[in-house]
Each structure stands twice: as C-alpha cells, then as structure tokens.
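Both complexes shown next keep chain A, but they swap its partner, so chain B is in the first and chain C is in the second.
Up next, the complex of A and B:
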C-alpha cells in the first residue's frame, strides 16, 4: 500500500527535517508513529499528503505502486490518501455539510461512482454521525469555524468516515480529546479498518493504542525511524521516554 | 439560495470570457462626435416629443460645463468624448411588434448568450427586455404583465405610450446635472427599460433587462426607470455582456427607482462586461449612476450587485430614505482581477424617521486588481432613530492587488445609531491545502472559499442568478492561484 524508501525532506529554503525515513505499510495494517516534539512527524504527514512548503531531496514514496510524490495534493486525496489534520483549518462561510458533499463527490468521481444526490448523502451522513455521536448542528456551521478543539478532531474523523480513504494518516487526532470523545474517535477509526485499507496514526499517547490496537509501532527521532516494534513498544516508551533514541531533531 | 442546491455547481470553468464574440448585424450609427446636432439626431431618430429634446439639450449644456470626477481611486486614461459614437442601432429599426419580427441574427445572438427571447423557451417566470447596443430589441411576456396593469417596455416605447408617467418621474431621482456621467447619459441616452407596477400589485415574475454592447467604438447609454406604486412589489434583474475588443468602451447608464408608500423594489445586477485581457488591454468603462427613492412610509429598496466584469467600475447604487420607516439595503460583491479597477459602494441618505439601512460589501482582489469600497451614510436632522449597519469585508488573493475602504458617516441627529465593521483577509495556503487534501482541485477550492466569503450577498440573489453569479466568480478568478 505505502512504501517509503530513504525519504529526505527539508523545509523549502530551510533545514533538513526528514533524514532517510524507511517505512512499509501493507493493506489491512495499522501503524502508530510516535516520537518527540519537533522530530518531524507532521512533516512526514505533510510530505505524504502533498502539503506545500516542503522539498523532497532524496528517496521515493510508492502508493499502490504509483509514485506518490509526483502527484498533486488533490490528486492524492482523490486517489484515497486522507490526512486528519493536527490543526484543522477554518473556512468561514462555507457550510460544513456542503464542503463534505463537494469533497465526497470529487472522490467518488475518481472512483468512477456517480454523484450522491441530496437524499442518499443525508442518509450516509446520518449513519456516520450516529457512530461518532456528533450533533447535526455542527454540519450547518462554517467548516471548523468556532468548533472546539475536540469538535474539530471529531469532524476530521467524520470526514474520514464519509470519504472512506485507502490510506488514512491521522496526525495527533487523539490530542485534546476527553475520554468519551477518545472512545468515539477510536470507534470511527476501527470502523474504517479493513483488509483493503491502511491507517497511520501519529500520537504521543499509548492511551489511544488501547482502543485502536496497532500492528506496528515506530519511533521517529532524528529524522529517521529509530526503532520499530509491536504494540508493546508503546508501553515501553511510556516507561522510558525517548532518551534512548538520541537527539530529538 | 441553499448550499445543497449549489453543490453540483462547483464544476471548474476554465473557458475564459465566453461572451466575447461579435455579432454580424448591420447597424445604423450617428456620426462620431458630440454636439447639439448629435442630440437632435438621436431624438429625431427616436421620434421624441419636444419636451424630451429640450430636456436632453439642457442636460448636454450642463455637461459641457462639468468635469469628469477625480475623487475616485481610479486610474483612467483620458476619454475622448468626441471620438465616440453615441447612437448605434440594429438596422431593422422599426420597432418589432412581436418576436417574429425581430432580426433572426439578433435572436441567435441572445440564444448564444443564454438568454432565449422566445417566450416558450424563456425561463419560466422571467420577463426579459433585451437592449442591444443602444436599442431595446425585444420585450417578452408583455401580455401576461399587461393583464395586471404592469407596464414593462423599452424606454422609447414608454415615452410614446406613457408620456405622463415618464415625464413625472424621469430625472426625479437622478437630476440631469447630478454628475458628469449622469449628465452625459441624460443628453445622449438612446434606450433602456421602463417598468410601472400599479398600486397593490405584486409583480408575479422577475422583470429582467439584458444589456449587450456589440458595435465597435460605441458607447452604451441606457436609462432605466422603475416605479412601484403604493404597496406594489417588483424584483428586477439586470445582466450585461460585451464583445472582446482591444479598445475601451464606455458604458454610462442611469437607473432611477421610485418606491411609493409601502412599495418594495428589489434590484439585482450581475455585471459581466468584458474586463479587458490579462495585460489590461481593452474592457468596458462602467460609469453608472443608480439611485432609488423611498418616497413614502415603509417603502423599501434593495440593491444587490455582483460586479465581475469591466476594466473600470464606478458605481454607487444609493437609497434616499424619505418616507418614515423606509428601508434601504445594499449588498455587493465586486471582483477585480488582472488590471481591473473597481470603485464602488453606496449612499444611504436618511431623511425620514425610523429609517433603516444595511450595507454589506464584499470586495475581492486578485492579480493586480484594485478594489475600493466608498460609502456614505448620511443621517439628516429630522431622521430620528435612524439606523445603519455597515459591514465591509475585503479578500485578497496574492500580494500584488489592493483593497481600500472609504466610509463616510455624517450623523446629524443624536438618536442615530450607525455601526461599521470592516475586515481584510487573505486566502491562506492552509485553507487551500485543506480543501485540496479533501479532493477539491485548486480552482474548485478557490471558488468554494470565495463563494463562502460572498455568501451573505449571493443569498440575496434570485435562484437562477445566484447560480450564474457563482460560476462567474470562478471564471473571473481564473489564473489567480498558481
């Protein structure tokens, strides 16, 4: 599904952040990426999703065998790459539901499916809202405008649930959630799990991994994957911290 | 306008200005130049009564003493008024009695523009008056309207058939010598639309005028006069396009609205004159005077405009709130891209007690476009308890464009309450990326964000117009994001 080989990237006109990342994620797998603040986790997510402002200097990324880095950001999204933002963006005046429908129809078109009409769309929306226990009023507001931190995160997972991506990258979606919200979000993630999908979760807390049990856990430090292991690695990190993995950046 | 209804309208439009074609229609023009004889020529061509010729000449003599205004924040190349042609009409001049008599070339032109003049094919519920260059060529649904006593016809016809009404109201809101361009229009206007809604009648369909400049080197000077008698209601739409030409063309129109006691007029414009090319060559100079008078208690006038075209836009649709409890509204979206300039806004003149006005202005600048909001809120001493709310938002796309806000407030009554809010924002890279990450193309993302920004104004437009306006916004901003 996703093959990252010796990926080097820097901030445009700035310093190198990723210094040779190797990572392979197979269909059906859930991977967790942990690591100290500033180690480059969001940078990796940004490079994978095509966020402007980064420059790849070396390496390769294959997504379903295709050269991911050669694709435009919107193309990647339509092909099934989804990023749940660490800091979701506000778009005033654009109704949340309207936004979602435009996005869904763009993705469906790529999949060769027809546009959803208003009725079908509403039905699908209701089902997912129930799963995530999101109030319908949130849908009628501007995209993320005035949402609380937790509401923004839940909205990201709601969008993910609707768009049904093949590869979901979740950047600290669990940060700032209360216990109930954490469970709902976990439910949303688990519902997406399936043999044809892959999930990469960036997190600081082992807590999330109790609800969404990962197949692999990686430590990103010094711009590289410093260590990989099973779900027990997260527990170990909780005890020892990142000290053993050298310089943070 | 609901969001879901427009959801399918995000289709990217990358076709550029698609109304830039020229129709091959024989026309009859006045010789270039402007003097008393030109005006006599126009008046004679239109077989006008003496009083109207005198009115025109009076306007012309005032204009000769006037100077083109300099206060707007616009760079305007000097205009040679003697080089322009002031009258151009499709040759088959005899006013057609029915659509069957209209030149088929003309009907084709309007079809190409998406304005079928054939009544059966016409959008249900919209009566159209089409003004080609300077002359009204067809008015649809006349009969249906006539049964309600509604008069909707070309200005020329109104002068012939309803001289008393025209004489009573012409110039009563925008006097001949009001300003340089209004004076010029009053002297040389060639046609336009006229509508009268009798007392207590609610006009059952949208009335619409579609303006088209075709001839080269000609200006368009049309005049619109709308009168809503006591308790009447009318919604009026105005659309405009012009061919793509390298030289600038002048459009100096005058619109006068009169709403008597309890009447309501809703006037919507989607202005899509040719804006000039990406290098700033060509385009229409759109110098327009629009003003409405609420001439009775509880009258209401509402202006909604979406200004996407023209090289230069200079217009300030205004309301004179004479009647007690009368209401004035101004909703505006103005876009400038490439080298376009817009200096637009409104004047709300509060004369009566408890008069209320609302101004919502959205300016969008891209490329090297310059956008100025200029507004005046004047509360006169007798206007006790007058209220105004003004909101001016500017959106910048890129860093070579400009947005300017010039609000004047003159409150001469201590009970007045005037609120003004202004914001300037930029479309952020984060917003663009967020949309793209959800699968939207750059063009769709931009159009989505811009439409969100303009939402409060777009929702004031009648449905079909709103859809059209959304598409136009997308086309106007083509090429403004890398």
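Up next, the complex of A and C:
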C-alpha cells in the first residue's frame, strides 16, 4: 500500500527534518508512529499528503505502486490518501455540508461512482454523524468554524468516515479528546479498518492504542525511524521515554 | 485624443438633440450643464479623485447617446431578472422599454415611473433632482449627464408609505459606441420605506453614465442594491448622491462584476441628527478590468452612524481601487463611523489600491478605518485540496466565501442574498486563475 524509502525532506529553504525515513505499510495494517515533539511526525504526514512548504531532497514514496510525490495534493486525496490534521483549519464562509459534498463527489468521481443525490448524501451523513455523536447543527456552520478542539478532531474522523480512504494518516487525532470522545473516535477508526485499507496513526499516548490496536509501532526520532516493534513497544516507551533514541532532530 | 477632441462629439450630440417638448427651465439647465462639461473636460489623473482610475477606454472613443432604440426580446432580459421583484422597470440604452417592464399595481402614495414620463406628468417631483447639475465641485460626468439624459426611473414615496415588495430597475446596454445617460431619482418622504435593486447588464462596448439622486426623509428607510453586471467591454460610471434627514436609514449594497472600466461613486450627506447608513459591497475583477469604488460620507449632523465595508478581488491583470473618505464636521458630535476595505489579490500582476481617509473636525466621536490586501489563505486551500477538491474548485470556493461574508450584511432578505450569491457564483464559473 505505502512504501517509504530513504525519505529526506526539509522545510522549503530551511533545515532538513526527515533524514532517511523507511516505512512499509501493507493493506489491512494499522501502524502507530510515536516520537518526541519536533521529531518530524507532522512533517512526514505533510509530505505524504502533499502539503506545500516542504521539499523532498532524496528518496521515494510509492502508494499502490505509484509515485506519490509526483501527484498534487488533491489528486492524492482522490486516489485515497486522507490526512486527519493535527490542527484542523477553520474556513469561514465555506459551509461544512457543501464542502463535504464537494469532496465526496470529487472522490466518488475518481472511483468511477456517480454523484450522490441530496437524499442519499444526507442519509450517509446522518449515519456517520451518529457514530461520532456530532450534532447536525455543526454541519450548518463554516468548516470547523466555532468548533471546540475536540469537535474539530471528531470532524476529521467524520470526514474520513465519509470519504472512506485507502490510506488514512491520523496526526494526533487523540490529543485533546475527553474519554468519551476518544472512544467515539476509536470506533470511527476501527470501522474503517479492513483488508484493503491501511491506517497510520501518529500519537503520543498509549491510551489510543488500547482501543485501536496497532500491528506495528514505530519511533520517529532524529528524522528517522529509530525503532520498530509490535504493540508492546508503545507500553515500553510509556515506561522508558524517548531517551534511548537520541534527541528529536 | 486631445482634450478638445474628447469633448467635441458630446458637444455636437447635444446640438443635434431633437427639439423635445421640454419646459424652458429644463432646456436652460441642460444648456448650462453642457457648458459646464465643456469647461471641465474629462478628469485627469492629476485630480485626486481620479488618480487611480485609468479613463483610457472612455477617451479612446466617443460614446454619444444613441440615435435609435435597440430592439430587445423579453428572453434577452429574462436571465438577469430578480425573481422576487414586485415592480419592474426596464430601460434599454437609457430609454424606458414599456413592453419589457411590469410596474404592476402600486399602493397609494407610491410613484414609480420612467424619468421622461415623470417630466411630462409630475415635473414637480424632478425639480430637486435637476436643480443643481454638480453641487459637488468639478464633476464633468454629472454635468454631461445633466445635459444629455433622456430617461431613467423615479421612485417617490409619500409620508409613511411602506412599499412591501422589492422594486427592480434593469438597465440594458446594447448600442455599440453609444452612451446611456440615465438620471434616476429616489425620494422617500418622512417615515416611508422601500427596497430597490438596480441591475446593469448589456452586450458590447457601450457606456453607461448613471446619476442617481437619493433623498431619504426623516425616519424613512431605504435599502438600495446595485448589481453592476455590465458586459466585459462596457464602461460603467454610476454616481449616487444621497441625502439623509433626521433618523433616516440608508443601506447601499453594490455588487460590481462587469465592465472593462467600472466606477461607483457614493456621495452621502447626513443632513439631520440620528441617521444611519450602511455602505457595503463586493467587487470581482479579472482580465484587464478596472474597478473603482469611491465613497464620500459627510457627517454634517450630530449622532449619525456610518458602517462601511467593501471587499474586492482582483485576478489576472485586473486593477481595483477603493477610495473612502469620511468627513466629520465640527458640530457633528457623537458621530460613530467605521470603514473597512478588505482585498484579495489572485495574481502576481493584479493590483489593488485602497485609500481610506478620515477627516475629523469634531472631538467627541468614535471613528475607525482599516484596509487590508492579501492572498488566498494557503492553509485553507490545502485543507480543501487534501479532501480531494480540485485546486481550481478550492480556489473558487474560497473566493466565493470571501464575497459571501459581505453579502451576509444584507439582513432579513434571504432572497436578495441568494440572488447576489447566484451572480457571484456565475462570475466564478468563469474560473479564477
């Protein structure tokens, strides 16, 4: 599904953040990426999703065998890459429902499916809203406008549930969630799990991994994957911290 | 063209005017207005008010009034009409087109008719409008309009009359290298209320020179929407002179989308205490379009309120200008005025000049102003794209949102907001690079 080979990237005209990341994610797998603040986890997520402001200086990323880095951000998304933002963006004046429908239809078109009519769309929206216990009134507002921190995170997972990506990259979606919200979000993530999809979760907390049990856990430190292991690695890190893996950058 | 050559075609058009059966006083006023225009000539960029406006398109050719009337089918007008209008006047090339109009049944105390018709039957209503050709200093285009105008519309309400339905005026320009010289009047007597939308549309390279004189009486309220959707090769100059009496309310919303060269002027004067105005608008420019919004608000009475908010978007090589002056006279204490101009540049070669100006001569006032010029929000753009929305579509959505935010200022009229939103969307369908 995803093959990252010796990926080097820097902030445009800035310093190098990723210094040779290697990571392979197979269909059906859930991977967790942990690592100290500033180690480059969001940078990796940004590079994978096509966020502007980064420059890849070396290495390669294949998504379903295609050169992911050669694709524009919107193209990657339509092809099935989804990024749940660490800091979701507020967009005043762009209605949530309108936005979601435009996104869904763009993705469906790419999959060779027809546009959803208003009735079908509303039905799908209601089902997913319920899963995440998001009030319908939130969707009448501008995208993320006036949402609480937790509501924004839930909205990311709601969008993911609607768009049904093949590869979901979740950047600290569990941060700032209360206990109930964490369970809802976990339910949302687990609902997406399937033999043909893959999930990469960036997290600082073992807690999420109790609900969404990963196949692999990685430590990103010093701009590289410093260690990989099974789900027990997260527990171990909880005890030892990142001291053993060197400084962030 | 030399200064003399520029004005000559208009002087000749004036001489060649058919000898209309007009009252002597009007003929005389036209004469002196023409003289005034000939003296003033076209404005130059040395004049502060015209410093940023490139009048070349108007100076390269002559646009005399049309000598014949274009024939227009109802279907040509249909796409531009406001569905929720209750009373409609359509003018073609500056002349009333009765077959396209639908004035409908008017409540008692309401006068709605073409200007020429009003001159014939209710000349007293026009006295004030035609009294002064250019009380506001050197305004050659107002003088020219005073000399050459053929028609326009008049909406006059008697005291306390509330006109429930929206009045719609459609100005259609069709005659190439010709000008529509429109003289419009809105007079709301004390305590009356009305909502009016003026739409300017057309085809080809004509010139619309519209002068509106608006008087809102004590405690009266007018919502005045202007949809400037002229053809891409047309020239539009729209000048509004507004006077507000005690406790009057005036709201002007200008959506400016069309025209090769388009300029909207609003000169508003507070003549009585406790009145309020809201001046809002959005201007969208692309290609080589030149678009100017120029407002002058004169707080000549105490305790009046001004809320001013204009937004503009310039793509390609377009050029937008916002000139906003708020003046507060020495005795106009407790004035509460604020003005904001927000602008969006969509191309490296697009440009916007925003010049807000306060001239405050009273000491107990609350006044503020601000102007910003920026690019599309990259983070928002990426967020939309990261959900699969194509880049061009994402840009379109953000520009639409930018304009929608000021259209929201039209409170309690969802139909009007939707109408303007529809025209913004229509403009955006042409693509924003």
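As a working rule, the second predicted complex is superposed on the first by the 249 of 249 C-alpha atoms of A that agree within 3 Å, B and C clash if a C-alpha of one lies under 4 Å from a C-alpha of the other, contacts with A are read in each partner's own complex, and residues count from 1 in each chain.
Here is the rule we use: contacts are C-beta pairs under 8 Å (C-beta built on N, C-alpha and C of every residue); 3 or more make two chains touch, one makes a residue touch a chain.
Source: prediction; values computed, not measured.
J.: With the two complexes superposed on chain A, say which partner A:176 touches: chain B (first), chain C (second), both, or neither.
T.: In the superposed model, A:176 contacts neither chain B nor chain C.
J.: Check whether A:59 is in contact with chain B, with chain C, with both or with neither, and answer first, second, both or neither.
T.: neither
J.: Tell me the contact category for A:20 with respect to chain B and chain C: first, second, both or neither.
T.: Neither partner.
J.: If we overlay the two complexes on their shared chain A, which of chain B and chain C does A:74 touch? Say first, second, both or neither.
T.: both
J.: Would you check which partner chain A:150 touches, where first means chain B only, second means chain C only, and both and neither mean what they say?
T.: In the superposition, A:150 touches no partner, neither chain B nor chain C.
J.: Looking at the overlay, does A:51 come into contact with chain B only (first), chain C only (second), both, or neither?
T.: Touch partners of A:51: chain B and chain C.
J.: With the two complexes superposed on chain A, say which partner A:28 touches: chain B (first), chain C (second), both, or neither.
T.: neither
J.: Looking at the overlay, does A:97 come into contact with chain B only (first), chain C only (second), both, or neither?
T.: It touches chain B, and chain C stays clear.
J.: Hey, what residues of chain A end up touching chain B and chain C alike?
T.: Comparing the two interfaces on chain A, one with chain B and one with chain C, the shared residues are 49-52, 72-74, 77-78, 82-83, 85, 88-89, 91-94, 99, 102-103, 106-107, 110, 142-143, 159, 163.
J.: In the complex, go through chain C and note every residue touching chain A.
T.: Where chain C meets chain A, its residues are 377-380, 382-391, 393-394, 397-398, 400-402, 404-405.
J.: List the residues on chain A that touch chain C in their complex, please.
T.: On the chain A side, the touching residues are 49-52, 72-74, 77-78, 82-83, 85, 88-89, 91-94, 99, 102-103, 106-107, 110, 142-143, 159, 163.
J.: What residues of chain B sit close enough to touch chain A in their complex?
T.: Residue list for chain B touching chain A: 3-4, 6-8, 10, 428-431, 433-442, 444-445, 448-449, 451-456.
J.: With touch defined as at the start, can you tell me which chain A residues reach chain B in the complex?
T.: 49-53, 72-74, 77-78, 82-83, 85, 88-95, 97-99, 101-103, 105-107, 110, 115, 118, 142-143, 159, 163
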